[in-house]
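Shared between the two complexes below is chain A, which pairs with chain B and chain C, respectively.
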Partner chain A sequence: MALFEVNRKEDSEIAVLNIKGYLDAHTAPKLEEEIQSLMNEQKYKIVVNFSELTYISSAGLGVFMGFIEPIRENAGDIKLTNMTPKIFRVFDLLGFPSLYDILDLEEDAIAKFK
Partner chain B sequence: MENNNRVLEKWLIIVSIIGLASFIVLYRHVSPHSSIKLLESKQDILQASSSILHKLKYEPTEYKPRIGFYQDGKKLQYVTSHFPFSEAQKIMQNDIPVYFWNVSYRKSAGLFNTVDKSQEDVEVSIGPDGLQKITGNLRMRLSQDGKLIEFDNWSKITVSSDTTAQADARQIAEDAAQTFVGPSFSNYELQQIYQDSTYTFKWLADSTLWGMKVGIEIVVQGTHIIRYHHSYIPPEELNKLQSENDVIAILEVLLMLIYTIAVAFIIVQRLRRDEVSIRNGLRLSIIAGFGFVLNFWTMTNDDTLAGFIIPLIFIPTFIILSLLAIIGAAESTSRDIWPEKLRSYDAIIRIRILNRSVARSLARGIGLTFILLGIFACYHWIVQHFTGVFYSIENENITSIVLGIPALSIIVTSFSAVCYNEFIFRIFTLSFLRRRLDSQWAIVIIASIIWGINFLGDQYLLVFPIQLRIIYNFLIGIVLCLFLIRYDVLTLLVGSLGFAVFSKSQAMLYWGSTFHFWQGLLPWLALLGLIIIVWIGLRRAMNIDLLSDLTPPYVSRMNERERMKRELEIARKVQISFLPKTIPEIPLLDIATLCIPATEIGGDYYDFIRLNEHQLGIVIGDVSGKGISAAFHMTLAKGFLKSQARRDNSPREVMKRLNELFYENVERGTFISMIYGIFDVREKTFTFTRAGHNPVIIRSIAFDNIEDLCPDGIALGLTGSDIFDHHMEEQTIGIRTGDIFILYTDGISEAMNNQKDEFGEDRLHKIIQSQHRASAEELVNYIHEKINSFVGKTPQHDDMTLLVIKIL
Partner chain C sequence: MPKNKATYHLKIPSQTDNLEVIREFISNLARKAGFQNDDVDKIELAVDEACSNVIKHAYKKTDKKPIIISVEIEKNKFTVSVTDHGKGFDINKIKTPDMKEYLAQMRVGGLGIYLIKSLMDEVDFTIEPGVKNQVKLVKYV
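Now for the complex of A and B:
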């Protein structure tokens, strides 16, 4: 049952994670693992593309919070892009836009990193 | 129930002794089988039958005789229903052949051929000694002491023998009758003679025997008798038991079906969770399967494919597979409920026999055996003396307890039966019911009723009328269930096995054959051995450590699942205990709430804090994550808020302090969205802050519209004070009579139907707009109804909380 998928593609030092499906308490560890392995490889510039994500729960949101501090300490960032209006609303209500760089397009995020 | 530390309670010892005594005293007088009188052995019967054949002038060549021992159900029914039981026993022993031997001679067909009676080639020749040498089918019935009752020659004799005159044929028949009936043949009168290619003579005795007409029919062909029947005809037609048997058969099949489905369901479910072990089941079922093979080997004299290969391959395979499933399901279910009941059972299966745990269960099992035997004996004694009970059975083959090694046969068949019955009808059924019902008496009674209507129980001795059998099964069921509930699985198995064995084997002591007497004594010797084991085991001071190495590994997985279930229950209790039990009464505020926790506990939380006469603090929050951690964080938030709310009158300041505490004390990744606000009924204001929570909906009477109030604010725990405080906005609005404020969590707006559509805020708005005249409570109920009809049967995935405050 592929309720949730993460696909990683790398552009030099910037890693793009395409996430797809349901991100909740049960599937969050998959994403955590992926970000952790990026950090292990010293890759701190991360773009997460939300275009194919259909649902996110509070546990899913927690994933981003868990990593943001060490990543920023290493001069990196997690930029979030291509959210559907529904997903954006969840982030927006919680006040994420004041804490995270949330952009319309993946290319914008990549450009910003460069 | 607590296990008494004494090995045997006093009452158990006393009742067991009474049971044992009544069994020993009464058995001989109440069991039909104790009236069997046997010749010494199989050899004696073979000798008797071959001497009879010789008298009939047959000499079998190339034959393989097959012996069976049967009871005639009709005669048993007649005798037991017409005479007091003690008299019936004498009649069965001396006069009417209720029990009989069946000896058939067939040509040895070889392993891969089946014998077809009608098609068989028959070779007949008359030897110089006048004996008819025949290779065909002969069958005879002999009474218990070896006298001829019936003889049939089924062979198609094609060789024409000399035609015989009627007088000669009659002479042959009368000679035979003289030989087999003896001097009393003079009491018989010739009734009829038929003649076609053969002569048939029928005699009838001039007096009845115990009310039965006794007749002799002899058919002579050529110079040989091809049929000799000494028949006993009851004066009236016996009650047909067939319709009753049909009902039994239907019930049996139904019960089997239900249990098969239940066991299959449980096995599949547990296999998926990896919570079934076949280790114990494999040992027991292999013993049962091997026992069957051994028993079959000692008894069979069949050498055809159907009679030999099928029992040796298919039956043991069936026994092993079905027992594996049954024992697996029963064990797994009961380990959930009462794992301690399987400890001594686990130990004995792993051959740890000499220890206190096992000894205690064995001792209690022996006690149970005695009690059941006592019930068996007393029950038969009572029904025989006070009711019109009688016994019957369709010509049941009881060869197995007469031929071969009867003690082995009884033990083997009892062992399989006990495994099936106890694991299905006690261990599985009781565990299954225990899970769903609290009352121990209720589960014992339900399980015993199921057992009462289960007629697989006792094929060995069928008591009529049927109601008596149900009551008896019910009684036995109650005792077995109580022993499982009070003691453990091993006690139950040993008790039930002992009962099954002794209730059959005891009869052999009275058959008058030394061989069978010893066979009947064997179970008693085994019991003595068991008592010695108990005695040694009890001397061992220590209980072996049964927990660690004997419990199958799957139990830890099961415990894990149970533990998580309990944790969730705790989380749910914590959550519920933190919600306010009453709604504070403040003039001008009409408040109603709804909070429905999801199965997998979410972290919804709401509370009211009465600040003073005219100010009411109100809070709604949603903690990230689920389960015990969410409950824990909710506790923390509640504590922080309670301590801060009374210190500061500004929701904004309270929220800032709350974030500081939360951010410091909780690991990253956990956050709470929250709204905290204060209704001031004197100033007519509502002042609130929103920390990342869903907006407050206001239905304003002045503007006649619906509005989302969504001041800036970040969820608690997401970030430190700098950013949080900067974004935290406080909003104050005036309140008027008729205004409605709605606070909710995302469980409400994101309630999903099976199409994965969300209920949504628009729907919520529309409902509120349409129902703005309703009271707070009516509005809550209305919204709840609408959500229910929207989601239908889709399971709720998140807590749903809704607060409605209407200004009066």
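Now for the complex of A and C:
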């Protein structure tokens, strides 16, 4: 069984990444690669759906910190959605809700981009 | 829960693909000690952060050097010690970041120690570079 999976789907100019499993120091590079390839394709409107993510450590949060600035400089954003309470608690502990757009549902994030 | 003190050890190569094994080991023992899910999650994350730091910094990602994890379960106390023999660091030089300022600067990494301190009741570092570095994490049941 794969420890971590990231699946990408696109709705016109908006890319949605569904992440699944454990996002830790071992698997974070996989998400990093995926976001980097979106940037290379100049796709800066990104929604990350956390509904199937069961675990996150600071290495996972670091991925979002590494990309948010260049993405916002290109009039884009990384919007985070569908977090379970366990995952949200880690983001909250580090003060992310004041700096990142964290929404209940993927559809909410897509609507905000449109 | 054990009546007196029970001690458990895990010696494991410092590779990121072992983090999952470490988390499993810790969360099973935290449950055995009587913690509820929220606290099990906190202990699991704190130990992951401590071990990720060892893999990334102490051993500079050199594989196969051991991380030694010891867990002591007492009546009301759960202690995890994470020990390595790699390059240490000066804990006095690591300030607990002001998270607002830290996030505003969008600094990548370095969040581990802040998380460890937020998640556990007591955190104690013993650093002897190249000899033995140990972080002791305590949570009261």
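The rule we apply is simple: the second predicted complex is superposed on the first by the 113 of 114 C-alpha atoms of A that agree within 3 Å, B and C clash if a C-alpha of one lies under 4 Å from a C-alpha of the other, contacts with A are read in each partner's own complex, and residues count from 1 in each chain.
As a convention for this text, contacts are C-beta pairs under 8 Å (C-beta built on N, C-alpha and C of every residue); 3 or more make two chains touch, one makes a residue touch a chain.
In this text the structure is predicted, and so the values were computed from the model without any measurement.
Applying the stated contact rule after C-alpha superposition, one finds that A:A111 touches neither chain B nor chain C.
In the superposition on chain A, A:A25 makes contact with both chain B and chain C.
In the superposition on chain A, contact is made by A:G95 with both chain B and chain C. Contacts of A:G62 after superposition on the shared chain: both chain B and chain C are touched.
When both complexes are overlaid on chain A, the residue A:L3 reaches chain C alone and has no touch with chain B. Between chain B and chain C, C contacts the larger number of chain A residues.
Note: residues 25, 57-59, 61-62, 65-66, 69, 90, 93-96, 98-99 of chain A belong to the chain B contact set and to the chain C contact set alike, using the contact criterion stated above. On chain B, the positions that touch chain A within their shared complex are 603, 622-626, 668-671, 673, 691-695, 710, 712-715, 718-719, 723, 727, 746, 798. Here chain A touches chain C in the complex through residues 3, 22, 24-26, 55, 57-59, 61-62, 65-66, 68-69, 86, 89-90, 93-96, 98-99, going by the rule given at the top. Of all residues in chain A, only 25, 57-59, 61-63, 65-66, 69, 90, 93-96, 98-99 touch chain B in the complex they form. Touching chain A in their complex are the following residues of chain C: 16-17, 19-20, 23, 41, 45, 48-49, 52, 55-56, 99-100, 103-104, 106-109, 111-112, 114-115, 118-119.
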